[in-house]
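Each remark here refers to the structure printed beneath this line.
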Amino acid sequence: MTTSKKTYREAVKEALAQEMRRDATVVQIGEDLRGGHAGTNPELESKKIEAFGGVLGVTKGLWGEFGSDRVIDTPITESAIVGMAAGAALTGLRPVAELMFMDFFGVCYDALYNQAAKFRYMFGGKARTPMVLRGMIGAGFSAAAQHSQSPYHVFASVPGLKVVAPSNAYDAKGLLIQAVRDDDPVVFCEHKTLYDTAAEVPDEPYTIPFGVANYTRQGTDVTVVALSAMVNAANDAADKLAAEGISVEVVDPRTVSPLDEEGILESVAATGRVVIVDESAARCGFGHDVAALIATKALDSLRAPIELVTPPHTPVPFSPVLEKAWLPDAARIETAVRKLVTA
Amino acid sequence: MTTSKKTYREAVKEALAQEMRRDATVVQIGEDLRGGHAGTNPELESKKIEAFGGVLGVTKGLWGEFGSDRVIDTPITESAIVGMAAGAALTGLRPVAELMFMDFFGVCYDALYNQAAKFRYMFGGKARTPMVLRGMIGAGFSAAAQHSQSPYHVFASVPGLKVVAPSNAYDAKGLLIQAVRDDDPVVFCEHKTLYDTAAEVPDEPYTIPFGVANYTRQGTDVTVVALSAMVNAANDAADKLAAEGISVEVVDPRTVSPLDEEGILESVAATGRVVIVDESAARCGFGHDVAALIATKALDSLRAPIELVTPPHTPVPFSPVLEKAWLPDAARIETAVRKLVTA
Amino acid sequence: MTLNKHALLGAYRKMSRIRAFEDRLHEENATGDIPGFIHLYSGQEAIAVGVCENLRDTDHIGSTHRGHGHCIAKGCDIHGMMAEIFGKEDGLCHGKGGSMHIADLSVGMLGANAIVGGAPSLAIGAALSSKTLGTHGVAVSFTGDGGSNQGTTFEAMNMAVVLKLPIVFVIENNGYGEATGTDYAVGAPDIAARAAAFGMPAAKVDGTDFFAVYETAREAVERARAGGGPTTIEARANRFYGHFEGDAQLYRTPEQVAELRRTQDPLVIFRDKVDRRKVSAKELDEIDEESRALVDDAVTRARAAAYPPIDHLLTDVYVSY
Amino acid sequence: MTLNKHALLGAYRKMSRIRAFEDRLHEENATGDIPGFIHLYSGQEAIAVGVCENLRDTDHIGSTHRGHGHCIAKGCDIHGMMAEIFGKEDGLCHGKGGSMHIADLSVGMLGANAIVGGAPSLAIGAALSSKTLGTHGVAVSFTGDGGSNQGTTFEAMNMAVVLKLPIVFVIENNGYGEATGTDYAVGAPDIAARAAAFGMPAAKVDGTDFFAVYETAREAVERARAGGGPTTIEARANRFYGHFEGDAQLYRTPEQVAELRRTQDPLVIFRDKVDRRKVSAKELDEIDEESRALVDDAVTRARAAAYPPIDHLLTDVYVSY
């Protein structure tokens, strides 16, 4: 299998394109996935120009290859987007809907959590809803309080939803292909600060199973559980601490739901010390979920209290100085690790 | 101060009525709070008949006293209800909006979590949003998957929201009056199975501060943290276990956010064993939040792993036999407690 | 109107079954043995049946909390429905859904829906599937007058127009959303006109008259099937029972309800309007008898049926934590 | 048209300030020193100003992601706005909000809003306050053509009609929602007609013509203030820059934009239409000068201003965990 250096953005796009080639029932639905419908530029249709290709260019190229029937630009109408995707998934398509910023789930959450997520159970196992909802998460772009959130913990608390948050280009491609092929609704969270990060990524399609954590650093003193963009911060901290002689293991669960409980517990059992880094929330977030897992199932292996590194319980501030202080970073992780090993 | 026996339903209604009498800026907004607007029954207006008074009779009587300008029946339009309440709160009113079933937050969540909750911070402290969002939570009524949920964990994860879930009539009245007087948006969760439970409740208005837990049972062997309807299950379990010689302390935080961290940690420090009972979610729920609190701040006092009693990670099933198995009950709490004391 | 005898009897049979089903549920509910909330469809039969008689098994419908009529009209099994409403393992959803979530994808029924305004966007999804897969299928979204005020409904309408989807939005105007009058809650008196302003043909029809509904729906379904895009139909009828079982109906008087039952009963109106050369009163009486017997059997079997085994709590969901 | 000289100069001053503010931001953004996303209002000045010149300080407006023009029209301080956009402590929101969340309740500005369709329901809330408290205040909701497709917008319209709220819904139709044409995304060609179907007066107006907007808005605001309920105004104008700064604008050609700037500039049109006996070109030129100087000063001060102290991260929220 050949590989090449690809950005996270390219990896996502390649996954979508390859699945669309493989399976004619895969369609994309969202706002400005292409951009330029109607409007007035005479060259657009004839030259197959995309005016946008997604607001950050992720879907650029798909419309040219697959056309308006499979790359469906919509009005600004998220509840119809998600509801339509759910209904289409029930009836033969595999829609990939895009929410642009995941923060927008507030205008359309019913279609996701009360409808799509529940069909299979509520209908006694007689329905399947193979849809993916893609969207951007995360702070770091000065996009302010309504465009910087990471609500994957909210989605993960819903039975019936699968929730994915890849930290690198390789995982992004493999997990997205898996998501498209999955028969349950999957929420796929793309961290906006990761789009330009690159990795060696196979050119052919491949899948990464859900619920399998990735150990991005191996170590013996402290386990750091981190997800999405926080994995990079954790890796940086681990590398820095390694130089100081502290051996850190970084566990990236990759999927919030299902969660690789064993993958986390095994590492904690070995190190006895754990830092959980999480961007989602200071209360009732994903970090708390992992902490509860450990406190209920591996308490005896803990040699020190769990350290939880999250943003403060405030909205995301706009000003870059405040936003930087808001976002967990390598320095805070290092402090937490040092506290544990010296405790 | 005189008291009288009142149901939870009556306590809620009395809180609303007394606050409306005290403060002319308090208004009620929701669907069928009165019921009967327009329609065709000629007696309605002349005799001040309410056709509904809320779907379970909670607001019955308010319209007769305060009229249509302060008890505002709306179309079925939750995003306009919550958004209108938020805008009204910014501009001089103290609206109490009703969502009927909290499960409906999916159609209107943006107005709550991206707007009302964020104004104060996002506007640099220059705004206040004194609104209350009331609604029913909870399973046990065979109301099925879309009318039985308890999403207070979702609300509590939002900075800027206060979240209340009273377990008895006394708390319901005092906390609701507090909520109406509060200058931040408050989500007030009424468990539908509690409406007919009664307690001695003062007739005069009174407030209960947010963030102060109530010890409904005092004990020395095991701490049980429980909220809303789960408090009754916990109390039942405690009484039963007392007969067996196991001394259980039941801590009812009453408000999910802010949370009385000290009130919980103090009890855990004393008993060293904790069962957390929570109806919200099997993943990323309120129970996990409490477990994380203990595992990060009181690990050393723990003599055994934390026990978490939640529903399974499934939607709420309709059939009564399945719903009963879904809902945590006294028996499951007893099992968890026994496991801890014999560990 | 080109319905032959077979079609006329078939249509009446469905209306008759709905009526028998709902009237019986009204009684069964009084025994206290039916869990949860139920919302009865009696009085609106001509709408569900008038529309669905134009549909194929492979067409799809989205429904509401008041869904029994839509289920029966679209061909759901009466026994499976009754067992579901009683919460039994034999139910169409094995007891996991209940009255507000009855679904049967094998006949194109996408589910009753306990969220007002939930169905329209799901239904346009089914329409998108038809369009994309080229199946020439049509989707129908049933929504109440109350639900016609939800933003989700308007968004689905606009999307359907933009994508020219094969869908019919049926707005069942029964005069009330719970206890609130349509004349209060719908700012403009005309729901169809509101839909028309979204850029699609919209018609108003007497929803107590099967023949009128059938004709109007036929045109809309044909247009959709031929690629002509969406239509809205506002159908006016009445519900004969309360909003849910247990509703004291203070918003109308018993005399008003009696008058409605007397003058606006879709089954009676069918009998009045049907061509007597094709269909005799006796044949219709027999159908009514047969409906009651069928429902009676369904109740007996549903009551006798087993509840789901407890371990089914954890099935039908991808993973149990 | 009864505007006196003072009012005419006042209106032009606001349009001129908006233009100077946005043109300068376009340049400042190119330096890379402005954090986050900005959306410029140039080309639509006559809408914000034509509407807001009818409002009092105690009236309220809800706004959009493209909010600078609304802020200035409603009287927000230019220095406070600029500092906010640069993320500084002196900003109207002390740097916590940014371009998409500028608010100043003291002048009735309820906030720019980064959620498309966010403002309409907030604005009806302000209208409800006026009605309930008897202040005779009026609320205005600004929404784009794209935002006019959101269900939240429709729900607010219906609620406003039902409760007869003192509100004006202004739909700014600039032909695009991001890169998608209005003629694609709005199923029916006529946004005003859609609003009218909700049961309120609705007007279309040339949004490049201050005088036309002012007159139309005056009528609507007077009706609202007198208790006559809501109105919708669809105002057609163009944005001269991309959707956000950084947009390559492939959906239209540079020639098309140049043509728009030449023929549909609200400031030029104002100059053409204003009564020259009351207002001279020189006076308007002076205002433009003054606007540029003001904005220049605002940039200088904003750049020099301090960022918020880190410990402000935890203020302005009820409690820090």
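Order of writing sets the labels: A, B, C and D. Residues in every chain begin at 1.
Everything below uses one rule, namely that a contact is a pair of C-beta atoms (placed from the backbone, for glycine too) under 8 Å apart; a residue touches a chain by one contact, two chains touch by 3 or more.
Values in this document were obtained by computation on a predicted structure and should not be read as measured data.
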Checklist entry - What is the shortest path, in steps, from chain B to chain C when you may only step between chains that touch? => result 1
Checklist entry - Can you name the chain that lies farthest from chain B, using the mean of each chain's Cα atoms as its centre? => result D
Checklist outcome for this item: The distance between the C-alpha centres of chain C and chain D, rounded to whole Å, is 45
Next on the checklist: Based only on mean CA positions, could you tell me how far chain B sits from chain D in angstrom?
Outcome noted: 39
Checklist entry - So, what's the distance in Å between the C-alpha centres of chain D and chain A? => result 35
Checklist entry - So how far apart, in whole Å, are chain A and chain B when each is placed at the average of its C-alpha atoms? => result 31
Checklist entry - Out of chain B, which residues touch more than one other chain, so two or more? => result 74-75, 77, 79-80, 103-104, 106-107, 110-111, 114, 121-122, 144-146, 159-160, 259, 282-283, 312-315, 317-318
Checklist entry - Tell me, which residues of chain D touch at least two other chains? => result 91, 93, 95-97, 101, 113, 115, 149-152, 155, 158, 162, 184-187, 316-317, 319, 321
Next on the checklist: Based on which chains touch which, is the overall arrangement a line, ring, star, complete graph, or other?
Outcome noted: complete
Next on the checklist: Can you tell me which positions in chain C touch chain D when the two form their complex?
Outcome noted: 149-155, 157-162, 184-190, 193-194, 196-200
Item to check | Residues of chain C that touch chain B when the two form their complex | outcome: 35-37, 87-88, 91, 93, 95-101, 113-117, 146-147, 149-152, 175-187, 249-253, 256, 307-308, 310, 312-314, 317, 319-321
Item to check | Of chain D, residues touching chain B in the complex | outcome: 60, 62, 91-97, 101, 103-106, 110-111, 113, 115, 118, 120-133, 135, 139, 151-152, 155-156, 158-159, 162-163, 315-319, 321
Checklist entry - For chain B, which residues count as touching chain D in their complex? => result 25, 27, 69-70, 72, 74-75, 77, 79-93, 95, 110-111, 114-115, 119-127, 159-160, 162, 184, 211, 258-259
Checklist entry - Any idea which chain A residues touch chain D in the complex? => result 31-32, 35-44, 49-52, 55, 73-77, 79-80, 103-104, 106-107, 141-147, 282-283, 312-315, 317-322, 325-326
